[in-house]
Every structure is written in structure tokens, then in C-alpha cells.
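Two complexes are shown next, each including chain A; its partner changes from chain B in the first to chain C in the second.
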Partner chain A sequence: MSRRIVVAPVTRIEGHAKITVHLDAGGSVESAQFHVTEFRGFEKLCEGRPFQEMPGLMSRVCGICPVSHILASSKAGDMLLGVEIPPAAVKQRRLANYAQILQSHALSFFHLSSPDLLLGMDAAPEQRNLFALTGADREFLRRGIRLRQFGQRVIEMVGGRRIHPGWSGPGGVQHCFPAAGRDEILGWIPEALDSVSLALDRMKRLLDSFRPELDHMGNFPSLFLATVSPDGALEYYDGAIRIVDAAGNVIAEDLDPRRYFTFLGEASEQGTFMKFPFYRPFGYPQGHYRVGPLARLNVAKSAGTAAADRELREFKQRGQGAVCQSFHYHLARLVEMLHCVERIEELMADGELLGDNIQARAALNRREGVGSCEAPRGTLFHRYQVDRDGLMTGADLLIATSQNNRAMNLAVEQTARRFIKAGPDTEPAEGMLNRLEAAIRCYDPCLSCSTHALGQMPIRVEVLDSRGRLVSEFARQSE
Partner chain B sequence: MSVRTLEVDGRTITALEGQTVFSAAWDSGIRIPRLCHLGGLSEAGACRLCLVEIEGQKKLQPACLTKVAEDMVVNTATPALLAHRRLIVELLLAERNHVCAVCVLNGACELQDLAAQLGVDHVRLRPQYPSLPVDLSHERFGLDHNRCILCTRCVRVCDEVEGAHTWDVAGRGRNSRIISDLGEPWGDSGSCTSCGKCVQVCPTGALFSKGRTVAEMRKDRGFLRYIMTAREKKLWIS
Partner chain C sequence: MNALLIAIGNSLRHDDGAARHAAILLRASCDAEVRIKTQLTPETAAEFAGRDHVVFLDADAAAAKVSLEAVRDVCSPASLTHTLGPREVVALARALYGFAGRAWLCRIPARDFSPTPGLSPRARSGAAEAARRLLRLLDQIAAHSPSAPPGDELIDSLKEDAGTQGPRKTV
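Up next, the complex of A and B:
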């Protein structure tokens, strides 16, 4: 008789999800799925509101990466106004974005994943958690917490508050960057560089002990999508989209992110609120792609900062063409953290950051606006339609996490097939199940960000009588 | 004009004959909460937040509409009154969609300040979540019915100070709405002079300057006193 194993809730991720594994009579894995069990619906609730309100409203999508949503939303607003915003406002937004990626990656690596990495996948659950780490590896963990604090402090200095800073909007930002803040930020830089370097060295040393996970926890070919600068380097705020395949070949480049809906589509499947984006020319599921730290490092030719460039060159040697192991998301995240600290230091020397021309004023000039940026988990797109007065008539949010949906499902299935062992009468060991969750944690998914569209979910309704017999059945497929 | 002596919250204060309890109390530093009253405009008695207890009277009285009397004994902050005021604020918050987090006036809103002052940290009533429109048809200003508390300050300032009477109230009860002229979009109003007085006196983010994003707007509460004083002293008539 077949059996079903459900891991619910999936822990140490942001949001609510479960994993289902189906075992056959012999205890072998038949299939495995990742389900997102929460629904947010921001695309619907913004209808009828002024577009100027969107950065503040959309930032509430997520308390971990509010800056990313504010930036994508502000850029969509900039496009609706039809303005090019002043350089000082661009620099402020860039600074907040680097700080956002730094603090979010620190949270993912140190707070959520380090128990698996430092204590081992098979450690007892009561020992494999953040609180146990405070005893086992106190100084390392403290450095991680301080890194996150640094990122949050920079966001506070730029945006006025750590979480949901509403300082950026259509046309620019609300207030000037305080000159005094530069000294405080520069004071943090040596410690931050030191902490990231320590974590990088430690992670590289740990990799040998995770050989099975590297090879079987989400190691598969896929496309990779990310934003790059005009010279092909890492870029997080403004640039063109480039797509590479598993061999590292450039499949498409110079794609305009403001036209993302022409080359990216979304499919729906049963059992989850999260959609499955794909690259249109390849169709679904062949066109599924990955975004986020691993994708950005695979797509970029260089980092553009000295230390991160050294790490990037070394990182690229871990794959033939592109690095395809999902487990390397962790290492990629650390390389990006190094890059962000270096970029923050660069911006402190940039006089334009302190400029007092920070707002381009204009009336509504377009009926549709699209904004994008690189969020911690990947490329984020906001697309808004407004009426003649500027009231929202439609919104489409293409969230980074949902773009990794298919990859997460593949990673769960591959992990289940390799690691889940159960006899006809025995349950799999806890450490095996933890690897299923760890496969998801590689992607650092933020599920509360990623479930917004109404009315397109495939759904199955079964009507049973009082004895449990099927009376009628109704199924609605996705569009 | 003769002087009246009365007792408010145990303090003996003096007031001019004809003065309201509300204004006499404020002159003596006793701050009775209010949302519809605004110095310089006529009284509406709409918000009921200034209800006070007057000894010898069974019913609570709105301080903004009650004239002082000799030897009157008034209590403005008994536990029962504070409970009533909390409930009034909760009713206001439950009636429409007051989402401070995305409001242009977050941090400078009279309703928000009052809720904080009265300790309203949650609303015990079921929110109504009405589906209400936003009017952005005016070139410079917007009207968000979701944030309107029907204090009618806009109606009064437009009628009594600007002399345009663009605003009024249509409908009854929960269906009451502020309308411009005979219910057309604000931008199509023939009487509106675009002076912006209504925007400045509105206690919440219901009336706002277009183009402002979250928590970006601050209202100029002092302009009305300036205008009224100038009018009283006939500064503009040579």
C-alpha cells in the first residue's frame, strides 16, 4: 500500500508551506511536491488606490525585503510619471538595495541555514537550531547577527526606519541622506568585510562534508536569469536582463525588464498557490529558470568590485559552464554579501549621494508602468495599470521566489529520491526529512511575497455523501 | 459682556457669557478631545468626542455646543467618558478603511493621534470594510472616502470662509458621503476655486495633495487662524 509523508510546516523559511512525499508499497519514493499554503492577494487589494500609494502598500508584502518591493514599485511609478529621477535619489535607492540584500542574506545564511551547515543535517532537532548555536558557535553567530544589524542600520539611515521605510516613491525619494551617516557606516565596514570573509572561508571548508547534498539536493540543469550592467557585471538596481543555460551559453541578453511579460510567462499547477514562471520561447516546463544569488553569479561576467571579483572567478570554477548545484546558493549568497559591503563602502565616497535634488515632480504621463530590481531572492517585477486619474486598475507582481518554484519542486523530488529511505513498515529518519527542508532553504524562499494572483488557480472539488462516496467532481484547470 | 464662573474637572474657571464649555475649558488649559471642531468655523457637533458630564443633567452634552452658565459643574474626563470616547474612535476606525500604514498623513493625523492618546490599540468591533471610491479627478487634490470621518470641516470652511460651498453631505447614516456640487467628480466642479482650504482643515488623509506618497504630507493647521484674524481686523479692506 502506498504511503504519504507530509512535512508541515516547513521550518526556517519565510512563509507557510508543506512538502508531500508519496512512497510506494516498498517504501521507495514515487513523487514529491512542494506546496505553498498561504495566500496574500496584493494584486487585487491595490485596485482603486492611487499609484503614489503603491510603494508604501507594496512594501507591506514582506517585512524581510520591503526595500525591494519599494524600489520596484517606485520605479514603476517613475515610469508612470515619465521621469528620470535625480542622481542623488538613484544613489540612495542603490544604497538601500545593497543593505537590503546584505541583511536578508545574513538572515538566510546565519539565522536560518547555519544550524544545518554547522551542526549537520542529521543532528537531533533539539540541537539543530539557532539557540543551540548560541552555545556551540557563539562568536560566529554573533557576527552574523551583527551583519544583519549593519544592513538594517543602513536602511534606517537612508529610509528613516528599518522595516517598511516609505521614503521612496514615484519620482524619487523624500529626504536627503544625512552626511553624518557616512562616518557611522564607514565605521562598520572593516568588521563587516571581516565577518563575510570568515563565513566564506568556513563555508568553502564545509563543502567537502556536504558532497552528497551538493550532488543530489537540487543538482539539475536549468536556465538562469538575472539583471546585468551594460558591461555584463553584477547589477541590482537598473540594467538589462540576461539569460544563460546550464552550459553557460548566453540564451538571451539585453532584454528590457520593462517588457518582461513579453518573454516570461506563468503556468499554474494544482496543490499550490504559487505560480510557475517560464521563459516563453522555450515553453513550460522546458523554459523554467532559476533566479537569485546562484543565477546572478552564473549570469554575470564579473562582479565589479575587487574582493567579490576574486571570489566570483573561484566560484565559476565550481561548475562546467554554469554552477547548477542548488546547494551553492549558500556560497553565492556569501559572495554577494561581500560585493554588497564593498559597494556600500564605494557609495560612501560618492558625493552625489548627499545631493539635495531628490525628487522629480511630474503629473501622470503614462497608463502603464513597470519597475524591476534584483531582490535578495532574485529578479522582482512590478507592473501597474492606472486609469486617467492615476487610480490602479491592475497590477502584476512577478516575485523572485515564485520564479524558483519549479526548481524548488525539482530539488525536493531529487532530494527525496536520493535521501528518503523507508522500509515497508518503517518511517524515514528525521535527518532524511530535514534534507527535504534544507533543499528548500537553499533557495531562501519568501512565500508570503509570492502568492498574489486571483482567479487563475487550478482547483479540484470533490462532493462526498455522508458515507464518503464520491457524488460529483469538478475541476478547473489553469488558463 | 459679563463673566461666568464655573467648575471644570474640580478647577474653578471663568468664561465670557455665550462662550462654549469647550472653548472655556481649552482657554484654561483643559484639553477636551475633538475632531469636528476647528477654531474659526461654526460648530457641527458631529464627532461627539467632546461629550461631557454636567451635574444636574442626565444626558451627556457636547461641550462644543453647550454654553457656559454660572456655577455650572462640568466633568470632562470621568472613566465613563473616557470609555465612551474610546468606543467612538473604535466606531470611526471600524466604519471605513483606515489603513495608517499606507496613508499620506501617517504620523500627522488627528484621528491617529487621538486613538493613540486614548489607548486604542485594537478595535473590538467588526470592521465594515466598505468598498469606497477615491476621487483623483481634481488637478491638485484627491478625496479618499475610505479615510473620511464626516466631520464636515471641509463643508464648513468651503462655505463659511471661502464662500464657494462646493462640499456638502449626501445620503444618510452609513451611506453618508461628502460630495462636491451635486455629486459630480471634484475635477468637474464649477464652484471649486481650488483654494485648498478643505485639504488643510481635514483632520485625516481623506483630503490630500496629489502626488504625495505614504506619510509624506503635513497639513497647515495655522492658516485658518491667520485668515480669520485678518478678516476680523479687516486687514484686506483698505
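Up next, the complex of A and C:
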């Protein structure tokens, strides 16, 4: 008899989701889907608000990546004003973005994914958590917590608070960067570099023990999209969009992110509130693409900082053309963390960061503004329309996580096909269910970016028979 | 005595801001370091290093009256996802940062967590009472042993005495 397996909630990600696996009468996987069960409504909430309020409002979209949203929103506001903001303001925004990517990646790698990596995919569920790591590798965990603390502290120094900073807006930023903050940040740098380097070495050594996961947990060809600098290097604040394919061929470059809606479309599918973005010239689903750490490393020709460049060159050797294994998002995240620490150190030596000209003042000059940046999970776009008084008449937020939606679904299906062993009367093993979740965790999805949710995420795994009847399900309730 | 007070809550969720209110009262009335947080995170554990006493203040819908209790050391969570309480943070602090001091939790009765600022009269009076009790706690701990954490005997006596003695300072 055919069955349906439901994993709900997907744990150790941000947001609410479930996974459904359909089995045929012989117990083989027919299909699998990743469902986002939250509803997103932020665009509608924006209507009627003055565009000057948008950065502060958008900062509240997410507690994990508020800096990304405030930067994209501020840049959309800059465009509405028609101004080029002062260098000091640009440097502050860049600094906050590097710090946010660092702290968010630390959260993903150390807090959420390291239980799988250090304790194994088949470890008992009660052992796959942060607390078990205090026994398994105390120093590793301590360093991870410190790294996130460092990133949050930098954000606090730049933006006034660690979560939901509101210091950036249309035309620049609200206050100067404190000169005294440089010494404190520089004091953290050696430890941060050391911790990331140790984690990188550890992760590389661990890869051999995850060969099945590397090969079968989201290993497929796709396009990759990211922002790059004019010389093709990693760029997180301002640049052009480049797209490469699985063979590493450049499909498109020098695309203007302010015109993203002309080359990116969104498809809808049943069973999920999250849309499926795609590259318009290729259509859907052929034009699906991946964003985030793996995509950025695949798209960029170089990192632009010494240590990260060495790691990037080594990383690129792991693929033929592009690196297509989703499991390598973890390693890519660590390379980016190294790059962010190096960039933060560079900015501490940049005198422009301390400048007191931090605002470009202007009245409303345009009726549409678009802002983008590289968020921890990928490229983020905000597009606003306003009336003659500057009141919002429309908003479109294209969130990084949603751009990985198709890829996450493919990863779940591939993982299910490889790892689910179901007989007529046997339940799937806990390790199998965990691999389904781990396939999603590679992407570190932040579903809360699309909607707000409270409490612990629930997850459901459903097993359907060939007629779509629910045969078996496993549910984990929210706390 | 090297004490850290951590008030938890969101002042935009009505009575959830009770602990913040108590923290503001305490800041004006004692020398102990008082920090205000919307929620606890693993990073909070790192702040315990070198502390003799850590006191959490939190609004609690299940509390019938202001209460003060020791936070148990033993903690074996099934998983860590989106929630972290005083017990988990204390356990992390002991495991990762060598925290060997005492931890306390002061619960403030609260009923209304709707998304509006301000406190109900009950939560406001509870916050004031919590501040008075914590001042007494700090006073008694300091009087008993200025440099070392108190033993179980004192902890028990403090719990029994809480609310029965006059405040050192007026809140």
C-alpha cells in the first residue's frame, strides 16, 4: 500500500514549514515537497505609509536579517530621492552588512547545523541540539557563540542596537560611527579570524564522512545568481547581477538590480505560500536558480581579500564549473564569514567610516525606487511605488529564501529518494527524517522574512499512497 | 557581591513589559548591573562569566503573585529551536563559561500580552513589588557574604524571608 510521510515542523530553521513525501505502492518515493505554511503580507501593510518610514518598518520584517531589509529599503529610498549618499554613510552600511552576514552565518552553522555535522545525522533527536555540543565540543560551541556575539556587537555599534537597528534611511544614516568603536572591533578581529579558520578546517575534515549527503542531498544542476563588483569579485552592498549555470558559464552579467522585475519572474504552485522565482528568459521551471553563499562563491571570480581568496580558489576545485552540492552551502558560509571578518578589519582602517557628512538631503524626485543587497541567504530586492506626496502605493519584496524555493524542493525530493527506506509495515527511521530537514537547513531558510511567527516551529511529514490518501504521518508540535 | 540582573520582555506587548519596568526602577535604586532583553539567546550565557549571582525577571501569565525562586542547575532540553529559558541559559553558562554562582528567577504576574504598550495596574504594582524584593535579596546576599555565593541554607532562608523585611532603599 502506498503512503505519505509528513515531517512537520521542519526544525532548526527560521519559520514554519513542513515536508511531504509521497510513496508508491511498492514503497518507493514518487515525489516530495517543501511547504511553507506561513502567509506573507508585508507588502500590503506598507501601503499608505510615507516612504521615509519604510526602512524602520522593513527592519522589523525579520529578527535575523533586519540589516539586509533596512539596507535594501534605504537604497530604494535613496533612489526615490534621486541622491548619491556620502561615503561615510556607504561605509557604515557596508560595515553593518558584513557584521550581519557574519552573525547570521554563525547562527546557521554553529547553533543550527553543527549538531548534525558534529554528532551525525543519525544521532538521537534529543542529542541533536546546542546543549549536546557542550559535551561533544565545548570550545567549538563557545567560539561559535562568540562569533555571533561579535557580529551583533558591530551591528550595535553602527546601528544603535543589535536587532532591528533603525539608523539608516533614505539619503544616508542618522549618526556618525564612534571612533572609540574601532579599537573594540579591532580587538575582536584576531579571535574571530582564528575561530572561523578553525571551523573551516574542521568542516573540511568532516566532509569525507558526509559523502552520501554531498552526493544525494541536493546535488543537482541549476543557475546561480548573485551580486558582483565591477571586477567580478564578491560584493554585498552595491553591484551588478551575474548569473552562471552549473558548468560555470556566464549566462548573464551586468544586469541592473534596480530592474530585477524585468528579468526575474515568480511562479506559484499548490501546497505552499512561497512563490518560485525564475530567470525569465529561461521560463519556469527551467529558469530556477539558487542564491546565497553557494551561489555567491560560484558566481564571483574572486573574493577580494587574501584569506578568503585562498579559500575560494580551493572551494571552486570542488566542482566542475559550479559547485552544485547543496551540502556545500555550509562550507561556503564559512568562507563568507572569513571574508566578512577581513572586510570588517579593512573598514576599521578606512578613515571615511568616521566622516560626519552622513546624509544627502533632497525632496522626493522619483515615483519608483528599487534597492537591493546581498543578504545572508541571498540577493534581496525591495521595490516601492509612491504617490506625489511620497505615500506608498505599492511594494514588492523579493526575499532571498524564496529564490531558493525550487532548489529546496528538489533537494528534499532527491534526499527522500536516496535515504527513505520504507517497507510495507516499517516506519521511516529518525535519521531519514532528519536528513530531509538537513537538506532544507543547507539553505538556512528564513521563512520569517516572509511572515512573522511566534514560538518553536512545528513540522509535519506525510506519507501518501498512490491515490493521495494519507497513510502515515509524523508531527512535531510547536512549544 | 557581583550580581547581574536580566529583565526579559517586550514593552510593546503590554504586561510583557513588566520586567522592564522593574528593571528601570532597580537601575535607579541599586548598584547591581541591570540589563534589559527582549528575549534570552545563547549569547546571554556568555554574560554570566565572573558573576556570583544572576537574577532573571520575567512577566509570567502562570504566576499568581510575585515570586522569587532559585533556577535549577539541571537542564536536559529535548531540542533547541526558537525558545530558550533561564534554566537553559544557566545550564549553558555553567557548561561553557564556568559560571559557578547562583541564579534566581523573579516572576511577575501578568495577564494581558496584547500588542499595545503600557502596563495594567496589576502588572505595574507587581513590577514595583518585584523591584522591592530584589533589593532585599541583593541586600541580604551582600550582608551574608560580600565575596562568595551563599549556600543552600541562606537560599532557603531568603526565599522564606522574601517579602517580610523592609526595603533597603525606596523604589
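Following the convention adopted for this analysis, the second predicted complex is superposed on the first by the 450 of 479 C-alpha atoms of A that agree within 3 Å, B and C clash if a C-alpha of one lies under 4 Å from a C-alpha of the other, contacts with A are read in each partner's own complex, and residues count from 1 in each chain.
In this section, a contact is a pair of C-beta atoms (placed from the backbone, for glycine too) under 8 Å apart; a residue touches a chain by one contact, two chains touch by 3 or more.
Small disclaimer: the values here were computed from a predicted structure and weren't measured.
In the superposed model, A:274 makes contact with neither chain B nor chain C.
In the overlay built on the shared chain, the residue A:169 is in contact with chain B alone; chain C does not reach it. Within the superposed three-chain model, A:291 lies out of touch with both chain B and chain C [touch as defined at top]. When both complexes are overlaid on chain A, the residue A:391 reaches chain B alone and has no touch with chain C. Contact with neither chain B nor chain C is seen for A:21 once the two complexes are overlaid on the shared chain.
Touch counts on chain A: comparing chain C and chain B, the chain ahead is C.
In the superposition on chain A, contact of A:145 is made with chain C only, not with chain B. Judged by the touch definition given at the top, the superposed model places A:134 against chain C, while chain B stays out of reach. Of the two partner chains placed around the shared chain by superposition, chain C is the only one that A:125 touches, whereas chain B remains out of contact. Remark: chain C residues 38, 42-43, 45-46, 75-83, 88, 91-92, 95-97 touch chain A in the complex. Every residue of chain A that touches chain B in the complex is listed here, in rising order: 48-50, 52-53, 55-57, 60, 164, 166, 169-171, 174, 361, 363, 389-391. Taken in their complex, chain A has these residues touching chain C: 11-12, 14, 111, 125-126, 128-131, 134-135, 138, 141-142, 145-146, 148-149, 152, 163, 455-457, 479. On chain B, the positions that touch chain A within their shared complex are 101-102, 104, 106, 133-137, 142, 144, 187, 210-216.
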